[in-house]
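When the chains are written out, they are named A, B, C, D, E and F in that same order, and each has its own residue count from 1.
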Amino acid sequence: MILRLDRLQTELPPPSDPDPDGASNVQELLGGRFGEMSTLMNYTMQSFNFRGRQGARPFYDLVANIAAEEYGHIELVAATINTMLTGASPPADGRPPGDALEGVKSARNTQHFIAGGQGALLQDSAGKPWNGDYVFSSGDLVEDLTHNFFLETGARNNKLKVYEMSTHPAARALTGYLLVRGGVHQIAYARALERLTGADLTKMFPTPRIPTEKIPECQPHIQRGEHLKLYRFSPDDYREIVAVFNGPHPETGEDLQVVEDRVPEGAPWRDLPPQPAVFAPDYAPEEISEIAQRLRQAAGLPKEPTGAVASDGERGVVDKVVDKLT
Amino acid sequence: MILRLDRLQTELPPPSDPDPDGASNVQELLGGRFGEMSTLMNYTMQSFNFRGRQGARPFYDLVANIAAEEYGHIELVAATINTMLTGASPPADGRPPGDALEGVKSARNTQHFIAGGQGALLQDSAGKPWNGDYVFSSGDLVEDLTHNFFLETGARNNKLKVYEMSTHPAARALTGYLLVRGGVHQIAYARALERLTGADLTKMFPTPRIPTEKIPECQPHIQRGEHLKLYRFSPDDYREIVAVFNGPHPETGEDLQVVEDRVPEGAPWRDLPPQPAVFAPDYAPEEISEIAQRLRQAAGLPKEPTGAVASDGERGVVDKVVDKLT
Amino acid sequence: MILRLDRLQTELPPPSDPDPDGASNVQELLGGRFGEMSTLMNYTMQSFNFRGRQGARPFYDLVANIAAEEYGHIELVAATINTMLTGASPPADGRPPGDALEGVKSARNTQHFIAGGQGALLQDSAGKPWNGDYVFSSGDLVEDLTHNFFLETGARNNKLKVYEMSTHPAARALTGYLLVRGGVHQIAYARALERLTGADLTKMFPTPRIPTEKIPECQPHIQRGEHLKLYRFSPDDYREIVAVFNGPHPETGEDLQVVEDRVPEGAPWRDLPPQPAVFAPDYAPEEISEIAQRLRQAAGLPKEPTGAVASDGERGVVDKVVDKLT
Amino acid sequence: MILRLDRLQTELPPPSDPDPDGASNVQELLGGRFGEMSTLMNYTMQSFNFRGRQGARPFYDLVANIAAEEYGHIELVAATINTMLTGASPPADGRPPGDALEGVKSARNTQHFIAGGQGALLQDSAGKPWNGDYVFSSGDLVEDLTHNFFLETGARNNKLKVYEMSTHPAARALTGYLLVRGGVHQIAYARALERLTGADLTKMFPTPRIPTEKIPECQPHIQRGEHLKLYRFSPDDYREIVAVFNGPHPETGEDLQVVEDRVPEGAPWRDLPPQPAVFAPDYAPEEISEIAQRLRQAAGLPKEPTGAVASDGERGVVDKVVDKLT
Amino acid sequence: MILRLDRLQTELPPPSDPDPDGASNVQELLGGRFGEMSTLMNYTMQSFNFRGRQGARPFYDLVANIAAEEYGHIELVAATINTMLTGASPPADGRPPGDALEGVKSARNTQHFIAGGQGALLQDSAGKPWNGDYVFSSGDLVEDLTHNFFLETGARNNKLKVYEMSTHPAARALTGYLLVRGGVHQIAYARALERLTGADLTKMFPTPRIPTEKIPECQPHIQRGEHLKLYRFSPDDYREIVAVFNGPHPETGEDLQVVEDRVPEGAPWRDLPPQPAVFAPDYAPEEISEIAQRLRQAAGLPKEPTGAVASDGERGVVDKVVDKLT
Amino acid sequence: MILRLDRLQTELPPPSDPDPDGASNVQELLGGRFGEMSTLMNYTMQSFNFRGRQGARPFYDLVANIAAEEYGHIELVAATINTMLTGASPPADGRPPGDALEGVKSARNTQHFIAGGQGALLQDSAGKPWNGDYVFSSGDLVEDLTHNFFLETGARNNKLKVYEMSTHPAARALTGYLLVRGGVHQIAYARALERLTGADLTKMFPTPRIPTEKIPECQPHIQRGEHLKLYRFSPDDYREIVAVFNGPHPETGEDLQVVEDRVPEGAPWRDLPPQPAVFAPDYAPEEISEIAQRLRQAAGLPKEPTGAVASDGERGVVDKVVDKLT
């Protein structure tokens, strides 16, 4: 079971210049073989299928808990894609449908507009759907961990390349954050293998051989120590990760830490504006708002929506640090 | 973000007679077009892509919150498949590998053994991987809800058929529970459409046209009112589902309820035994236990694993009611 | 069994400026999940698999008959794609192959040229092949109809978006026609569900929430009442559709009509010119013509080809009305 | 455009012993790479994409007309699969769902029951969906015909093997008919290539090298000359096939014939009985019948359904000849 | 470029009892994600894409040379599948086709008979085709080697399980050989990573944690030192593998060796008998033999075929050792 | 078994202007349905599955030997793609990752950069992976040969179109060579069919109907007689191809020849430069070189790498002839 928090793990900038081709490439980080959907579902399925978990509890807890963090990563990638697509079709002008989408007819992934509502799809950068064959869950603990270390390595490679391919602020904020957090998972699986077999995989860091700290957009997160921490994403469970996730960081030598009592503060989602040309959430979104307002009233809810969303007026802490660096 | 609870939404029986072909069919409920992975990821992606969510907050909250419950459903299906596969290979006998898997060489899905460790795969009943094309997220609210109503209808059909195809206790416990909870989601989407358009879809219930209450394994859940309740799967968010999910149940006329302050009590996962013939979690699982024990000690953790698992000695409430009925 | 008529259901304009990227997007209406191949094969397979059809004859007739109309729709989309691709490679110049296709090397779908002869492929807008998983045929009548209503809703969404993405005259003529005819099918399935369950789905119209009549290219067809008529596409069969398809149009209130004695007049196919750079129908098409001429003579056929094709000199009725409107 | 006739091209026997595994293999003839869906859609797409068709009219007519006959073939395969699956679940007994499908839990294709209503799926014998990549439409006439000849060769191979694998009467009636008719198409494409290039492909007959006449179930059709005739499946079009389809039959030397004025008499579809365990057409089919009856009455239709279905009491001509031979 | 030798890397036993379901599982070792087609094409593509290969020559040579050995492995798996399928249909009896394949209608993979001629398909154990997404070729040397180590680990897992699932002599001879040779490749990639990064991956051996030497069918190969040798599969190239492949074997401590001057002696292919029921190589194979005989004579070739095939009369060395052990 | 030669079958020009979209189209010749991977694996699998091969030895030898040549063709296509991608990202500048890939963010296939290291992928021009369903291996010799003739025909069509779409020197050198060599294989299969059945398929040449000699880039190869020769790609085997491959060339009437004692001289691979922006072979390739140097020294290898690579200073014979012609 999960409890869902209506909040992102890190702040993303508001929509700026739309970038459909950029968004098509960021899809690799969502639905690609090494995307966040793959990390999420690999660790999730491995935790479901874990046999003899009491005997191997620290390892079970590690895999199950990282799985929980990955859910927040698919959120972030999806939010980034939505941000980059916002504005790619014109706002409503009260007129009947015309040629509102002609400007994107040569976009790399026109299904963002035809199938989706300028939103994320469960596809990679080539428009190929994510699929269950990307999940490896052999049940053999050493082998599953070997896979996970390799998967995080491939994921780091892909994040670095999407970083290099994208200057859109949302893509940069995303990759800066994911590189730091993915790095922690890469370390966690290397350490787990070391604990089980004695093989010192941490000598392989960094792979690709460029230190994370050289990426400007990673700096704010590193400065807050995010490259060292494994959060426990559960009210009461997964308490034994500390038995595996400890010792020195392979690159910096600093002590790795388990954060027991809180998850990343993060930020509320931005309420991305309707895109009526693609009928998201409707050709005439105000009708839905009126109905919603009536329903909320009838249910005795407050007049203003109870859900929190980011206010574009205030910029977050991360943004400000990034500002200084760039 | 999510917080993960190491607990199942309902209790499943312990392993009994292994049933590999049965497990291969239950896979449809995990990785089939209408399986729980589909309901999970459809509602999850729709919530990520929801534009203008403040204006449509009750609908956003509904979709996002049901998505959260679905996570618990993929857990249940995976646990059932693992249960049904347990025992299909012999226990370790200290000898080198022999013909431990010959007995399953004609099983419908031998990848349960070759690729997996007698565990669930992200596939359907034909061994085809779940894929991202099963996700529909148009951004158009009325259309997405229409899809969701149809999806739940197809899911109910598949659950009923897997029920009829399986007498294994785990499959029956699973389908009995899912039919009741899926029914609630089917109602929720029908009601949401009614609120937005005025169309009374509740007249279409039940589809297929067999009342849920006729299924014996559904009875315990119905008796506890589980067919009427929508749980809020979040500490603080998704408070506006109550604006949509209300009014009479389409079949019984009873009042629908939102449960604000707790999620289903459920039950701890069972700690399914190792299956050394498939190296899950190892050819010699006791070695892993010893390492784990040492690591836990070094980390100052208690001697006994801190995670809770079901004790086979005690049978759960649901089981007892089922006993009476069957 | 079918009898095939060498004629299109509506007239399409002659080739004008080639538009390969536009054609790549129109492919969604042929081979996409909600394309015409999907509507064709869903209803076709449902009719093949219909059990107890005498008892449910009006519903069987409805599904089987709409399937027959859909065949004409895949023809129209394919003809449009061919039209839009015509001229994208230069005419024959008697010289050996050179760089005739260099101008399209960055086209979205270069397989139009490499695999095809500047013709339609059975793919969607991302170049992914149509596949049999898009067919839903559960055998449960209420469920199949629910699916069909949802399918037509998704199809309408996609047609609207392809309309907005394309200003090419052929794409506009196509979508203008399909929106009107697909709307009739959407109504037919909603009405069928109403007849079976009492649920008034017609309140959900239009979805997406933009009336069809606002699309200029739909107007000529609406003015001829095409939004109200269901043609019987059979010499003698499917006579009971009238038992389901009746009552008021959900948007306009006008009476729905079954046309028993004729199918749409339509128009002959245009004879699209050879594209020798892609060897369609040959590198030297005149050789084929000569052989064909000899064979026809030997068979005692008239000197001129017996098949009718559209003459570019005369513009059709529809074109003329469109002219006025635009 | 097509006109659809509610009639099969040949008669199939009534359901007898259900044969789910047999049906799973017959699927190859529907949705396999060389199945009837492939022949249908290859020739259909080639006809849509045919450029310069006036100049090559006899060849266009040939391809377009054979495409029309193939539609009748997917009907026949689907009807066969439905026939073989009938009875594999028990008739309704008025009780709630139990274990009606347990008997088929180890069937090769359980999606016949879970996804379908004991009906045909658009899959091959391995449960893999038919897909658009099976369509070859290069636009190059010689090359498309070369493909078609190869496709018919592969199709003949598959029909022969499904014949050898199946003794179920419906499968035998199907393959007996399809072998004869597919043989005609194989000849037609070989002859067309001969007309265009001078290459005498007819020397390659038969491939595989077993004469069709040795198959007992082919005999009734051969005796009626069905191995020599190409029917024109159109009221008025495709008149020039006679310019290509003529000359001696490659195996027997008899004259090939074009039948201009009629299509095969065939037989009405059988009205296969409901299978309530899979909700086809409903859990309680009689309710649908009552509603249908009311609707027909309201529409002024006769009391008895107007559609013709085969009467199990009378056996067809083909059956009787088969009787004698076996 | 390659030179092909008409010889297998190790001897396989002659056909004995046919085992179609066994063969369907062995397919995993040919076309599965971790099958030999994957090892072949991963290393092959990595060698094609290797940039800066002069600077990294020992590593290039290693990858390119192992790729060459893998070709011999797909041969062996295919030969095994053919062996296991031989005899599953009856020999020719001079009669027309009857029900020769009825006995295999419930086989797990009937496409062995329908699509193939009782021969190997490029599929996995679920009948899913091998595909290019199984190839990982990032160009980053450390990452590609990490992948290769993981791939060999997964491959070893699958071989062990197919071993346990199969008692057919051909499957046992195959897996006994592949486990030994795959083990060498697993070591080679671990050593290469150690050379590049210093990480001692050899501590992870064996994975799964069962020593290869415990498998009786591996013993003959181990006794000949095959677990220590890397053959250079090239007349003149790939001379620098020796710079990487050296040092102690991770399990036994023995010295690893590069064999420079010869490849494994192996054994000729067996000439598996025709299976006329599936038309392999023909319905009447003797006709082909006669034609071939005439052609060879006309070309001045010797009267007896020049190609060498295994004689069933003599059993090979490996077989004899296996005999003793079992 | 194979022996691998570190050499290409023909010379390719050095990298010049990078052409990512061009490279994306050349992928069709590697991983497309009619690409070289298909020809390689079709003939390879057919040779593995060949039953009764002694009786049909000349045909077995033909198929097995052409398979061996095809391996060299996938090398050539991969090398071409690598050449065309070289330079598409900037050289290393010692700075941290920036926007090195922004220039290719709208490329047709961005996975060349994200998944690969500016190297070839096993995909077609639409980014769809090559898959095992492209392999046809029925075991029926006449049918397999019919397929092979058709496959080569489709391959020739695709090569001609990629030629017309690409003016990049590497693509032109590639297609010029492949058209000539593929033409030989097309003839070989036609002749084999003629030998077996008497059907004179050579009358169908050329298909598409444009003589190969009209392509300037084919001229150098034709002038050296490469359109007439079948090389025996084996030290000792496949000696009976001469029994089939003989007689006149269908277009020129010249005598076909079997080259027994040598394979094409070809050319060494070019050592394409690192592309550090995509980490190929590393972010800092010089580190790998230093390690390699040390390892080679320790192994007693010469100081200079032993492998031969093309020197960019000298242009090959083929290039010079092409120079004159263009």
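Please note the rule applied: a residue touches a chain if its C-beta (ideal position, glycine included) is under 8 Å from a C-beta of that chain, and two chains touch if they have at least 3 such contacts.
Predicted, not measured: the structure shown is a model, and the values here were computed from it.
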Contacts common to subunit C and subunit F (chain labels): A, D
Required steps from subunit B to subunit F (each step between touching chains, minimum): 2
Homomeric contact subunit B-subunit E: same or different residue positions, threshold half: different
Repeat of the A-C interface, chosen from C-D, C-F or D-F (over half of contact pairs identical by residue number): C-F
Most widely separated chain from subunit A, with each centre as the mean of CA atoms: D
Chain at maximum distance from subunit E, centres defined as averaged CA atoms: C
Distance between the centres, which are taken as Cα means, of subunit D and subunit B, whole angstrom: 41
Rounded Å distance between subunit A and subunit B, as computed from the means of their C-alpha atoms: 24
Distance from subunit E to subunit C - Cα centre to Cα centre, in angstrom: 50
Touching two or more other chains - residues of subunit A: 33, 108, 115, 127-128, 133, 138, 140, 142-143, 157, 208-209, 278-279, 282
In contact (per the touch rule at the top): chain pairs: A-B, A-C, A-E, A-F, B-C, B-D, B-E, C-D, C-F, D-E, D-F, E-F
Footprint of subunit A on subunit E - complex, ascending: 33, 133, 136, 138, 140, 142-143, 146-147, 149-150, 153-154, 157, 193, 197-204, 207-209
Subunit E residues touching subunit D - in the complex, by the definition given at the top: 96-102, 104-106, 108-111, 113-115, 127-128, 277-279, 282-284, 287
Subunit A-facing residues of subunit C, complex: 21-22, 24-25, 28, 32-33, 108, 124-128, 157-158, 160-167, 208-210, 214-216
Residue numbers on subunit E that touch subunit F, as the complex places them: 1-9, 31, 37, 41, 44-45, 48-61, 64-65, 67-68, 71-72, 74-75, 78-79, 82, 115-123, 129-133, 135, 137-143, 195-196, 233-240, 242-244, 246, 263-264, 266, 269, 271-275, 278-282, 285-286, 288-289, 291-292, 295-296, 298-299, 301, 305-307, 309
